[in-house]
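Think of it as A, B, C and D in the order they're written, each chain with its own count starting at 1.
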Amino acid sequence: MAYQHRVRIYWEDTDAGGIVFYANYLKFFERARTEWLRSLGVGQHRLREQTGGMFVVSATEVRYLRPARLDDELLVTAQLQAAGGASLTISQSALLQPAGTVLAEGTIRIGWVDALTLRPARIPAMILEAVNR
Amino acid sequence: MAYQHRVRIYWEDTDAGGIVFYANYLKFFERARTEWLRSLGVGQHRLREQTGGMFVVSATEVRYLRPARLDDELLVTAQLQAAGGASLTISQSALLQPAGTVLAEGTIRIGWVDALTLRPARIPAMILEAVNR
Amino acid sequence: MAYQHRVRIYWEDTDAGGIVFYANYLKFFERARTEWLRSLGVGQHRLREQTGGMFVVSATEVRYLRPARLDDELLVTAQLQAAGGASLTISQSALLQPAGTVLAEGTIRIGWVDALTLRPARIPAMILEAVNR
Amino acid sequence: MAYQHRVRIYWEDTDAGGIVFYANYLKFFERARTEWLRSLGVGQHRLREQTGGMFVVSATEVRYLRPARLDDELLVTAQLQAAGGASLTISQSALLQPAGTVLAEGTIRIGWVDALTLRPARIPAMILEAVNR
């Protein structure tokens, strides 16, 4: 089952095409990933203070299928596809509510790095356990 | 009583100072105004299709008192201060949860315009009635 | 030869990781595409008024290799990879200046649509001629 | 004489009203302030590494007079209005090119803080000397 997070479309999300600016789906996907991690007990700000590490996005692949508009409500999903020692791959999609039409879908890869050096590092065990549970 | 809307801080909202980028409080204020209007039955996308008009922001005045950080939860308020025939003035603030510390506060003036010509126009009666109720 | 466009990193582009927020590379890529089209005589705002059509992004694929920071200067490239009747595929990259290190690279597909219906349409001949010249 | 910086309007800057999203004028103003400081030898990223301090915005007051649109070119100005020991007040405006019509104007106050504690601090002498020269 994919984690689900609701997103409302505001003026800030749209562009002069009258639709949601495509780059903003990356923001919506990240909100859903953040809430998914939080639901597993993984708070990113606290983890950075405790471990000195953080996730950075290393690759994104998104297909934009249909437009969303001002005031639309979206359901944004996040589902773990693969968990390696240093990176996670997450499948995500944005669906128009209440119809369920897929507006955008893609795959995001995030890697764990040392927050000071930005060098790749091993994902803390408590995160891997939480996402694999 | 001011209308209240909750906002979560995500990576997208922060800057390299480690805190929320100040311009983003204008986005949070707008989300709260939008939800306040929606709670009164005023849907902006639908109204534009029905009336050919829309609100545009004509003045903003904001004081940034304390910083918010990643993962913080804010309560954002919107309260009508004055309603003229062509513009509304709204008092807004952002408070850190659960402490209630005021992070930012300000005043936003929005005017009604014809969506095609962008010329100022009278606010539709149903909106004025809704906000003055 | 790829078209080249310079981008400076400001506070607005960064996040609390101390680096450029990854989604913003899509903005930098688009600025370079826009300037590349403009250099070929293709002004998007004017074209929309003349033809009633516009480009929308239909797919993006980006790898984020190394971080950029506040005040960095980037060279952003745009190079046509394929031109179909209804869409263009463009290769893009962002290189740190003056070193030339590749920070991000990817492929963006844009499709031509009717601006009102958002239905796919044939790219106007003058655009195809310009990009294929 | 006010410092002048050119800004081009891209899709990212607009909203579904077909015009520049008002909050983005704060970004344009900041780009101009940043380039004004850079022209005086004040590089903010380097200064933070050298002094451990940074500017944060403490107050903004903006009037949005006329809209800008996709592909427009703006001239954005920055002019020091007052320099105190811990804060600077800067007058800014955005003018449509080549006509010179004022689109937005306002006043921004920035304060110097310790980057770790975010506590107000005295602006380094070299900055005050540079802006007062």
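Just so it is clear, a residue touches a chain if its C-beta (ideal position, glycine included) is under 8 Å from a C-beta of that chain, and two chains touch if they have at least 3 such contacts.
All values reported here derive from a predicted model rather than from experimental measurement.
Centroid distances from chain C, each centroid being the mean of CA atoms, peak for B. Of the two interfaces, B-C and C-D, the higher number of touching C-beta pairs belongs to C-D. Centre-to-centre spacing of chain C and chain D amounts to 26 Å, using the average Cα coordinate of each chain.
As a whole-number value, the distance joining the C-alpha centres of chain B and chain C reads 31 Å.
Multi-chain contact residues, meaning those touching two or more other chains, occur in chain D at positions 11-12, 17-19, 23, 27, 30, 69-70. Listing the residues of chain C that touch chain B in their complex gives 11-12, 14-19, 21, 23, 69-70. Remark: chain B residues 8, 10-12, 27, 30-31, 34-35, 38, 43-46, 69-71 touch chain A in the complex. Across the complex, chain C meets chain A through its residues 17-19, 22-24, 26-27, 30, 54, 56-64, 67, 115, 118.
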